[in-house]
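There are two complexes below, and they share chain A, which is joined by chain B in the first and by chain C in the second.
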Partner chain A sequence: MAQTTAQGEATATSPPPGSDQGSKPPRKRRTSAFAHTHEATFPQRGAAFWLLLPTVIILSIFLYYPMLRTFWMSLYNIRFYGQQRRFVGFDNFVRLFTDPGSFDAVVRTAVISTIVIVATISIALFLAALLNQRGIRGARIYRLLLIWPLALSTAISGIVFLVLFNPNFGMVNAVLAPFGIEPEWFRDRTLAQTVMILTLIWNRVGFNLVFYTAAYQSLPSETLEAALVDGANPWQRFRYITFHLLSPMTLFLLVTSTVFAFFDAYAVAEVFGGGPLNATSILIYEVTENAFRDDRIGLAAAQSLLLFLAVAFITVVQLRQGRKRVTYQ
Partner chain B sequence: MRPKRSALIATHVILALATFLFLAPILYALIKSTQTLGASTSTSLAIGDQFFSNAWNAMDRFNLGRMMGNTVFVTAMVTLGKTVLSLGAATAFVYFRFRLQGLAFALVLFTLMMPTEALIRALYDLVGGLGMLNSYEGLILPFMASATGTFLFRQHFLRIPRDLVEAAQVDGVGPFRFLGTFLVPLSWNIIGASAVIDVVYMWNMYLWPRWAVTDPDVMMVQVGLVRLLSEQQVNHYGIIMAGAVITMIPPLIIFMLLQERFTRGFALSGDK
Partner chain C sequence: MRRGLLALLAMALVVAACGEDAADEPEDALDGEEAEDDAALDDEDDVDPEDLGGDPDDIVITFWHGLGGDDEVYIEEELADVYSEQTDGVVVNAQNRGTYEEVLDQSITAAGTDQAPHIAQLYEIGTQIARDSGIFAPIHELDTEGAIDPDEYIPAVASYYQDETGGLFSAPFNSSNPIMMINRDIFEEAGLDPDDPPQRFGDIMDACDTIIAETDLDGCFGMPIHSWFFEQMVANQGQVLANNDNGRDGRADEVLLDSPEAVAVMEWWQEMDAEGYWTNSGAREDWDDPRTLMAEGQIAMSIDSTASTRAYQDSLAELDNELGTAFLPIPDDAERNGTIIGGASLYVLEDHPDEEIAAAMEFINWLSEPEQDMAWHQFTGYFPLRTESRELLEDEGWFDENPNFSTAIEQLEQTEVSPATQGAIMGQFPQIRSIVLDAAEAALFEGQDPADALSASKDQADSVLQEYNADVE
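Now for the complex of A and B:
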């Protein structure tokens, strides 16, 4: 029994922020999370009300209300900026997948996001693994330099890359020119998407690296030393132990990276103007075009909800995995 | 056991290469920011002497100075607000038992998966209805509450020994004073960690400020810089890059100040 508790506590101690596998480990604990009446609490319930009130008010007004409102809008065909509306049920959602233009945007977003998510997480994990070996001199300096791109907002990263890949005076073509390659990066759909993906990866790896580094520092050294005694080679130690111990962090970063690829990528799409021929027009960019320019608020709402559902799905997967993950403790 | 010498060298080569690739765009921006109009639109990589003139132009003539101020102000207010509100909410969840506590907790939990950006049009209509478009309130209020912060602090409070509450109560310390004089001083590492997350989040924010604000006096700097470029108000890339370079400064300062706290904030684990 004592052991179980200790394990629960150990799990609860190194949570990635916002993920919540730390905050509510096994299901059993969760239901009883508010039932440890034996633990000392304050009897002044009025105080709890005031402490919680601001959070509840802000979340209700600025998240829950717009959420419900978005659901409502997605069921209507809204024209003339709200002047005219007609109930259409799930037609907007059907359109997402049947209208060729809309469906292309869905596919495009899925492809670009998947590449960005997988690349940012694996590159960050790889760098964190290198940096956290013993005896790497200057690891701190490498780390500080590697997270520098994080200081540039995504929009500004987009601007820098736009200049970097400029076909006339950009650095990239200046380097490639002697080899006889001078791509017109922003005239070709695939090339423009490539630059967008590179921008997003470059901008985000640092974020994931910071979190992996933090996770590395709370790895139980006994487990790793035991593996060393057992004669596991570095790759085996990483593959079978470290990777598993880091899996809650990986799941957490999966969620944050998805949010990044779905929503923060908007800034890059706008800097690139969504083009050429909609190549960089990912769903969230389509949402704003439909909601603010093209007078298709209902469709925009349906597109938003698709993104929301994808994030919700991944979050739920994360929470479930977080509960039954391997801990080796 | 230390890695073998050859492995060590390979590691350094890979790390140096990665560092170079990650730094190159920033170095490029730094170099461009020092160049004259002519050089900035050529492939030249010569370091010029125009940085201060470019920076001054960006800040003054194109109003980016004011916009930087706006961004710093909004980021500071949101970070402060989020910290205070989530400390309060976490205290309510950990140190009290009340009816519907589970429901309230679930309500906060669920917002983890509700990105504001997905609600853009509805939020725009709402904030417009409240008359807060083109205002600081419109940029700050929607982001004041934080599920992430609440969980982080709740997690941390659950690790603090309960004897402390009992001792406080024996001494007649009420909940608010307990929060201020006991919990906050015990939570600086976590406050630092969550502040870093908040600052990065606000600094990266683009979608909402881009639509919620059109008045250059309230505009955030990321939005202003993209506008300069897309509306072709400037074709001097030295000025654009100088603007980009200046926006890096505040987050870099925060990283340097808070990096240790940040790492420690998450490393405070039971196995140490």
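Now for the complex of A and C:
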């Protein structure tokens, strides 16, 4: 899997040998490369159109149309779940930018998401490195146990953690009580956010671990053996070789974890009721509350559009940075 | 081999992740209309009466409700199916459509399409939006054949659902109110009389003091962090929650969260917490929390819905303890006015042929007939709807055998029907509930002065309500 991804990416992005960035506009180069393939493989001119059509249709129905529709809705004041509409131009956006609560929500979401993204990736990488050492007895069992939380939806994870961290009958405080520590997890903003972050990490590390493990198993042994022969110690082998060889996978996980932290985290916020005092009310939760509890679909559309653009922007930055740093074999 | 398996698993995950991501794109999640239409198409498109055990040309009455678990099975098997079997020419197709919130939003969205249900079960805080949406007609207007007689309902049950004409806008179905549950054994252990439970705020604090001193309990009292209880305690003092007589005499445009009665409730709650009497998880609207605490014998009293009476009774029986019940407590110097009906009622969508509306009315009336009504009460703990059913239950000795079911109904019958105890009707009620909890959390968790916290919430609640009114008018 990892190899396929890596090679696929490599063919798609690596420029022809000897080209330099400044001399030719990149677009022209790409067009000519495509035309070349086109002529060679498909004698008929229309073939590409027909081959792309199913994808275009599916994307139009499930992505482009809803996106345009969201934009259209964001320009309206909508009541009664769509039965009443009034055109308000960019009022919904103005409102989001001027509402003092919006800024807090953005900061809160950014902090929670960043911690979740960084932690799930680094913990998964660390565990993958441990599990892929030679001679660990029962590595497969550990792996299974570590991957298992993935089988639970984020909502169920939220409920499990709500019970675990219940101050009165939860397991966590039962363990901590003998040491005289009995935190009231859901009465304090920071503690509640901590539990939310832990829930998300617990739920997601398994996913990242599966991918890292797969990537690990397709690492080229000759490169690592060469390093071994050159006298590199384990840390050096990890730092200078494995880490770089895993970088395409890291980039992939960075993007998927970002989507997870910004969107899938919704269910945990729902279980925690967004509280206390909005501490766990992240943006995607606010979008759904606005839309479905408060019947403010226009406002929610504007909010979700901004959230979508923000996440798209982050993803593009990640991919651009990735292009510079990721090492493909 | 192992590598192959892992690769397979990884691939499966990519597929799953892609599906998930697509579903969670905000624009998709948002586009309520499409989502609902699709969902409706899936299982609603042209229901064949024969699939429901009827004849091909039977009328199908679609009934959307928001009750899950045992209640859902009961509605579908004991009510809808039984009615379809015994009634010629009509089959009832009862469907759970998710939460109350979802039933409301799906019904409004589906209105005017051929997927629209005939009957929708909507929660009480959706009353204003349901009336303003224009898709439901009052039952007293639609019921041209006089199938439903409002005088047969228990007045305190029906009063919430009456509109300004005095007729029923929606038909009562599952009604409850809050009562206090008591662990009688803990009371006895602490030397308190379980037959004379505390009824006033101060008495509860005294009882808690005794319980913590005399038993090895750390806490004493449970209540979910939910606006419903706050609203009930305010109404119990005869105070309305919204202006214009709780929105019953003209549209409400102010939420009276800063009334002395409201502040008194919040102050007591804060004090209960500060003293360590109120035990809680801290999570918002966590209904399971007090139930679990009672079931584990960690607290002696809890405030909860009458609809959970049976669950409490069973869980205490497992501890070998006995459940007692008492009225909802009131402040020391207040006069008891009674509680508001909570739960949901049945709305009829007007955009259907006359004969289907008439059939829907017959079904609604059948639901409240004593036989069904009594069984519904005994199975769920929701109130009987009709005066006649209540009398029959009395005659059967049901309340003597089940004194905990009788506390609730006595509280109901002692309720003075007034705008305060009829309950508030206002727009954005679900959102306003959440704003009330903002004040509660500020007072309870961050030590803010209850009056200040409520006053801040009042401003916010007023502004969302006024905005709603401006959009609707």
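Points worth noting:
Just so we're on the same page, the second predicted complex is superposed on the first by the 229 of 329 C-alpha atoms of A that agree within 3 Å, B and C clash if a C-alpha of one lies under 4 Å from a C-alpha of the other, contacts with A are read in each partner's own complex, and residues count from 1 in each chain.
Just so it is clear, contacts are C-beta pairs under 8 Å (C-beta built on N, C-alpha and C of every residue); 3 or more make two chains touch, one makes a residue touch a chain.
Only a predicted model underlies this, so the values are computations on that prediction, with no experimental measurement involved.
In the overlay built on the shared chain, the residue A:V111 is in contact with neither chain B nor chain C. Of the two partner chains placed by superposition, chain B and chain C are both touched by A:M73. In the superposition on chain A, A:P54 makes contact with chain B only, while chain C stays out of contact range.
Of the two partner chains, neither chain B nor chain C is touched by A:V317. When the shared chain is aligned, no partner comes close enough to touch A:I181: not chain B, not chain C. Residue contacts after overlaying the shared chain place A:Q84 against chain C, while chain B stays out of touching range. Once the two complexes are laid over each other on the shared chain, residue contacts for A:V94 go to neither chain B nor chain C. Of the two partner chains placed by superposition, A:A226 touches none, neither chain B nor chain C.
Once chain A of one complex is fitted onto chain A of the other, the partner contacts of A:I284 extend to both chain B and chain C.
Of the two partners chain B and chain C, it is B that touches the larger number of chain A residues. When the two complexes are laid over each other on chain A, chain A has residues 62-63, 66-67, 69-70, 73, 150, 162, 168-169, 207, 210-211, 213-214, 217-218, 259, 263-264, 266, 273, 284, 287-288, 291-292, 297, 300-301, 304-305, 307-308 in contact with both chain B and chain C. Within the complex formed with chain C, the chain A residues making contact are 1, 62-63, 66-67, 69-70, 73, 77, 79-84, 86, 150, 162, 166-169, 184-188, 192, 207, 210-211, 213-214, 217-218, 256, 259, 263-264, 266, 272-278, 284, 287-289, 291-295, 297, 300-301, 303-305, 307-308. Residues of chain C touching chain A in their complex: 2-3, 6-7, 9-11, 13-14, 17, 20-22, 24-34, 101-102, 105, 108-109, 111, 129, 132-135, 219, 225, 279-286, 289, 292-293, 296, 298, 428, 430-431, 434, 437-438, 441-442, 444-446, 464, 468, 471-472. Every residue of chain B that touches chain A in the complex is listed here, in rising order: 1-3, 7-8, 11-12, 14-15, 18-19, 22-26, 28-29, 32, 41-43, 45, 85-86, 88-89, 91-93, 95-98, 101-102, 104-105, 107-109, 111-126, 141-145, 147-152, 154-155, 158-159, 162-163, 165-166, 169, 174-176, 178-179, 193-194, 196-197, 200, 203-207, 210-211, 222-223, 225-226, 229-230, 237, 240-241, 244, 247-248, 251-252, 255, 259, 262-263, 265-272. Residues 6, 9-10, 12-18, 20, 22-23, 33-34, 37, 39-42, 44-45, 47-52, 54-56, 58-59, 61-67, 69-70, 73, 127, 130-131, 133-136, 142, 144-164, 168-171, 173-174, 202, 205-207, 210-211, 213-215, 217-218, 220-222, 228, 234, 255, 259, 262-264, 266-267, 270-271, 273, 284, 287-288, 291-292, 297, 300-301, 304-305, 307-308, 311-312, 315-316, 329 of chain A are the ones that touch chain B when the two sit in their complex.
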